[in-house]
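Alright, structures below, take your time with them.
Both complexes shown next keep subunit A, but they swap its partner, so subunit B is in the first and subunit C is in the second.
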Partner chain A sequence: MAIQVSGITKQFGSYRALDSVDLEVRSGELLALLGPSGSGKTTLLRIMAGLESPDAGSLQLNGEEALGLKPRDRQVGFVFQHYALFRHMTVFDNVAFGLKVRPRAQRLPNAEIKRRVSELLELVQLGHFADRYPAQLSGGQRQRVALARALAIEPKVLLLDEPFGALDAKVRKELRRWLRKLHDEIHITSVFVTHDQEEALELADRVVVMSQGRIEQIGSPAEVYDHPSSAFVYEFLGQVNRFDCMVEGGLAHIGNGALAIPTDGDVRGAAIAYVRPHDLGVTPAVGGPGRVSGIHVVGPDARVEIELGGLFLEAEMDRERFTSLGMALGDSCSVHIDRARVFAR
Partner chain B sequence: MVATSSADVAFPEKGSAVTSILKKPSVLPGFGLTLGFTLSYLGVIVLLPLGALIAKASGLGWYGFWGAVLTPRVFAAFEVSFGLSLAAAAVNAVFGFIVAWVLVRYEFPGKRLVDALVDLPFALPTAVAGIALSALYAPNGWVGKPLNELFGLKVAFTPIGIAIALTFVGLPFVVRTVQPILQELPPEEEEAAVSLGATRGQTFWQVVFPAVLPALVTGFALSFARGVGEYGSVIFIAGNMPGLTEILPLLIVIKLEQYDYAGAAAVGASMLLVSFVMLLILNILQHWMRSRHAR
Partner chain C sequence: MPASSSASALSDPAWMRRLLIATALAFLALFLLLPLVAVFAEALRRGVGAYWTALVDEDALEAIKLTLIVAAIAVPANLVFGVAASWCVAKFDFYGKNLLITLIDLPFSVSPVISGLIYVLLFGLNGAIGPFLKAQGIQIIFAVPGLVLATIFVTFPFVARELIPLMQEQGTEEEEAALVLGAGGWQTFWRVTLPNIKWGLLYGVLLCNARAMGEFGAVSVVSGHIRGYTNTMPLHVEILYNEYNFVAAFAVASVLAMLALVTLVAKSALEWRFGAELAATRHK
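After this line comes the complex of A and B, so read on.
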C-alpha cells in the first residue's frame, strides 16, 4: 500500500515539529526516516499511524484520505522502540491480542487464531517461547515478539519507531539483517525511524533525511551518501572533513592558500567545503605543505590525521596502502583532493 | 489495634526484602548489622505487644478462650467489623482508582489542591472525622436530614454510617498506592493496543487494568486493615448497639471497662488471627500476580 503525505504540519506549543512535509512512500518499499533527535521523524511516523494528529496537511493511504480514520481502522502495524509488550500477557497472548480484540463478527475461530500465532512465532523464531512472559525474554527476543504482534493483524503498512534503538550492537546487527530478509520475503510497505545512519544506509531501499521538521533529501542510500544535497546531509551521513574556504574562479582555497581544490556549482566567496576522508589522498613529500599529526590503525583501515595550514584533516585508506607509504608521525606530506563539495556560508 | 493491623501488612514485605538480600550480595556492607537491627526492631515494636496480647489471652485456658470469643455479641461484632471494612475497602478500590486516574491523567486547575486533599484523612484526628461525619449524617444533619426525608434512608447510627466512616479513613491508601503505578504505566502499551485494533474499553480492561491490579489489591488490603482497626471515627457515627452497630475495637474497650482483661485479650487475639489470615491471602494473591510480570 502506498502512502502519500502532503503538507503535514505539526506544532507542539511554540515548537514546530513538522513543517509542511511532503513524502511519498511507494508500495512494498522499505523506507528509512533518518535524522537527529528533534528532527520530527518520530512525529511523522506517529501521524501515519494515527497516534498523533497533524495541525494541517493530508495523509493518503492507498489513495484514500486517512486522517479522519482511527488508528485501528488504518490497517497499520506499529512497532515501538521499547517494545511496549503487554507485560501481564504471555508471548502467545501478546501476539494474539490484535486477533482477539476484533468484533465478534470478524473474529477468527480460536483454533485459527492459535494456528496463525504459532505460524508468526515460527516466523520470528520464537516458537518455543509462547508461554513465556515478556520479562523472561531478552531485548532482541522482545522486539521480535513486538514485530510478530504487529504482523498478526495483517497490516498493509508496517511502521517501526527506532526498532533497534534499545538493543546492543551485536543483536542490533543480527536483527537488522533478519528484518531485511523478512521484508524481502513478505514485501510489506515499511517505514522505520532511526538516528543511526549506518542502519538506514544498510537496511533501507530509500532514505529520507530529516532535520528540524523538514525533509533535507530523499534518495537511495548510495545517492544520499555520494551526492548529499545540503551541508546538513553531508555532516549527518558518514565521516566528513569540514572546513572554511574561499571560492574564486572554480577553486576552493583552504588553509590560508595551502591548497586549492576544484569545485563545481556556482558558489562564490566565503564558503564551507566538505571532503570525505577516503577522498583525501596523502603522499609523503619532503617539504610538503602537510604534516602527519596522528595515526590510528584499527582493523583493515588506517586513519591519518594531517595538519595543513592550521587545519586538521582526516584521511582514510586501507592498511596495505598505508604501510606501503611508510609514513610516520611528524613526517611532511602533500595532500591531494580531486573535488570538494562547497556550500555557501 | 491500629498499630498492629498496619504492622501486619508491612511484615511480609520486610521478610521478602530480607531474603532477597540473602540471595544477592550488595555493594553496601552491613548485612549482619541491618538484619539484626530489623529483627530486633520488629521484635520490640511488633512482636512484643502481640506476644503479650496472646500471653494474656492464653491465661484463660483453651475453654475459657473459646468461651469468651464464641458468643453471639462477639460474632456480631466480627461481622460488623470485617464485613463493613471489606465493603468500605471495595468502595475505596473503585472510587480511589478513579481519583488516582483523574489525578494522573488529566490537568485541571486546582489539581495540586485536590491531590493534597486526598491525604487529609491520614492527618485528621479520627475522632474529629467521626464527630464531623455524625453531625453531617445525623437525622437532623445537613446530609442526613434530606436523605431521611426524601428516601427514608438513615445513615448515622446504622451500618451504612460505619461504612461511610471507614471509606473516609481508607481512601488515601488506595489512591496513594495506585497513583505511582498509573504514573509509570508507559503510554506506548495503550497505543500498541489501539493500533492493534482494540476499542477504548478493551484497551482499559485488557491492558491498563491488569497492570494496575496488583497495586489496587495492595491499596484494598491497606484500606481494609485500616478499617478493621479503626476506632475513633466509627464510635461517634455507629450508635454502638450491641449486635447491630458495635465494632470489635469498641467491644474490646467495653470489656476493658468491665475489668475483663482476659476477655478483651481473647477477642483481640482472635481478631488478630483473622486479620493475619486475610492479609496473608491478599499478599499471596499479590505475589502471584506480580511474579508473573516482574520487570
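After this line comes the complex of A and C, so read on.
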C-alpha cells in the first residue's frame, strides 16, 4: 500500500514539530525516516498511524484520505520503541490481541487464531516462548514479539518507531539483518524511524533525512551519502571534516591559503567545505604544511589527526596503508584532497 | 578478607542493628499492639456472655448494618470516581489538570469536622438548598444520605491517589498499541488498562473501605446521633463510652478492629499470593 503525505504540519505549543512535509512512500518499499531527535520523524510516523493528528495537510493511504480514520481503521501495524507489550499477558495473548478484539462478526474462530499466532511466533523464532510473560524475555525477544503482534492483524503498512533503539549493539545488528530478510519475504510497505545513520543506510531502500520538522533529502542510501543535498545532510551522514573557506575561481581556499581544493557547483565567496575523512590523502613530506597531531589505530582502521594552518583535519585509511606510510606523531606531511563539497554560508 | 571488610563497611555494627530493631519493635508494641490488645481485653472483661450481649443489642446491630450500608455505597462510588479521575490525569493532557489534582487532595487537607459542617450548611434546614430539599420530602442531614455524602467526601482521594502515580508510570504506550491493533475504547480499558492497575486499585479500595467504616469526625457532624437510625459504629462506640458502658463500647470497637485486621490480612495474603505478578505490573 502506498502512502502519500502532503503538506502535513504539526505544532506542539510554540514548537513546530512538522513544517509542511510532503512525502511519498511507495508500495512495498522499506523506507527510513532519519534525523536527530526533535526532527519530527516520530511525530510523522505517529500521524501515519493515527496516534497523532496534524494541524494541516493530508494523508492518503492507497489513494484514499485517511486523516479522518481512527487507528483501527487504517490497517497499520505499529511497533513501539519500548515495545509496549501488554505486560499482564503472555506472549501468545499479546500476539493474539489484535485478532481477539475484532467485532464478533469478523472474528476468526479460536482454533484459527491459535494457528495464526503459532505461525507468527514461528516466523519471529519465538515458538517456544508462547507462555512466557514479556518481563521474562530479553530486549531482542520482546521486540520480535512486538513485531509479531503488529503483523497479526495483517496490516497493509508496518510502522516502526526506533525499532532497535533500546537494544545493545550486537543484538541490534542481528535484528536489523533479520528485519531486512523478513521484509524481503513478505514485502509489506514499511516505514521505520531511526537516528542511527548506519542503520538507515544499511537497511532501507530509500532514506528520508529530516531536520527541524522538514525533509532535507529523499533518496537511496547511496544517493544521500554520495550526493548530500545540504550541509545538514552531509554532516549528519557519517564522519566529516568541516571548515570555513573562501571560494574563488572554482577553488576553495582553506586554512589561510594552506590548501586550495577544486569544488563543483557555483558557490562563491565565504562558504563551508566538507570532506569525508576517507577522501583526505596524507603523505609524509619533510617541510610539508601539515603536522601529525594525533594517531588512533583501532581494528582495521587508522585515524590520523593533522594540523594544517591552524585547522585540525581528520584522515581515515586502512591500517596497512597507514603502516606503510610510516608516520609518527609530530611528523610533517602534505595533505591532498581531490574534491570538496562546498555549501554557501 | 576484602569481601568481609566491604560487607561490614556497608552495614552498621551488630549492637546498632539490634538497638534499631528493638526500638522499632518497642514502638510498634506500645502504639499499635498494646491498644489493640486493650480493646479486646476491655471488651471481654465481663466474659464472653457480656461481650455477646453487647454485640447483639438492637442498636449495636443497627450501627453495624448502617456502617456496612454506608461503606457499600461510598466505596463503589469512590472506586468509579477514582478510576475515572486517575485515567484522566494520567493518560490525557488538558487545561486545569493541576487544579483537578489539587481538588482530589482536598479531603486530605481539610479537617473532617469541617467537611461535615459544610454539608450541614449546604443541606441543613437553614442551609443553602436544605429548605428546597425539605419541600421535596428529601432529608439529607441527620439521615443516611448525609452519612453517605460525608463518607464519600472524606474517602474521596484514596483510590485516585493510589492509581495516579501507578498509571503515570505505566504511560500510554500500551493503550496506544491496543488502539492500533483495533481495540475500541472500552476494550482497551477492560483488557489493557484495568488489568495493569488491578493491584493498585485493590489496595486503594481496601484503604478506602477501612477509612469509610472508621470515619468519625465528618459523620459525627451530619449524623445527629439518632440511635438505631443514624449511628454508625464509631459513633455508637462514643455514645456507649460516654454512658460509661465500657464493655459494650469496647465490644463494638473490637468489631471495628477486626474489620481492620481482616482488611490487612486480605491485603497481605494477596501480596503474598500474587507478589510476582504485582511486581511485573509495576516495572517494565
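Points worth noting:
To be clear about the criterion, the second predicted complex is superposed on the first by the 345 of 345 C-alpha atoms of A that agree within 3 Å, B and C clash if a C-alpha of one lies under 4 Å from a C-alpha of the other, contacts with A are read in each partner's own complex, and residues count from 1 in each chain.
The definition used in the following text is that a residue touches a chain if its C-beta (ideal position, glycine included) is under 8 Å from a C-beta of that chain, and two chains touch if they have at least 3 such contacts.
This one's a predicted model, so the numbers in the text were calculated from it and none came from an experiment.
Considered on the superposed subunit A, subunit B and subunit C are sterically incompatible, since they clash. Within the superposed three-chain model, A:88 lies in touch with subunit B and with subunit C [touch as defined at top].
By the touch criterion defined above, A:107 lies against neither subunit B nor subunit C after alignment on the C-alpha atoms of chain A. In the superposition on chain A, A:128 contacts neither subunit B nor subunit C. Overlap of the subunit B and subunit C contact sets on subunit A: residues 49-51, 70-72, 76-78, 80, 82, 84-88, 97-98, 101-102, 133, 135, 149-150, 152-153. Listed in rising order, the residues of subunit B touching subunit A in the complex are 186, 188-189, 191-199, 202, 206-207, 210-211, 289, 292-295.
Those residues of subunit C that touch subunit A in the shared complex are 173-174, 176-184, 187, 191-192, 195-196, 277, 280-281, 283-284. By the touch rule above, subunit A contacts subunit B in their complex via residues 49-51, 70-72, 76-78, 80, 82, 84-88, 97-98, 101-102, 133-135, 146, 149-150, 152-153.
Of all residues in subunit A, only 49-51, 70-72, 76-78, 80, 82, 84-89, 97-98, 101-102, 133, 135, 149-150, 152-153 touch subunit C in the complex they form.
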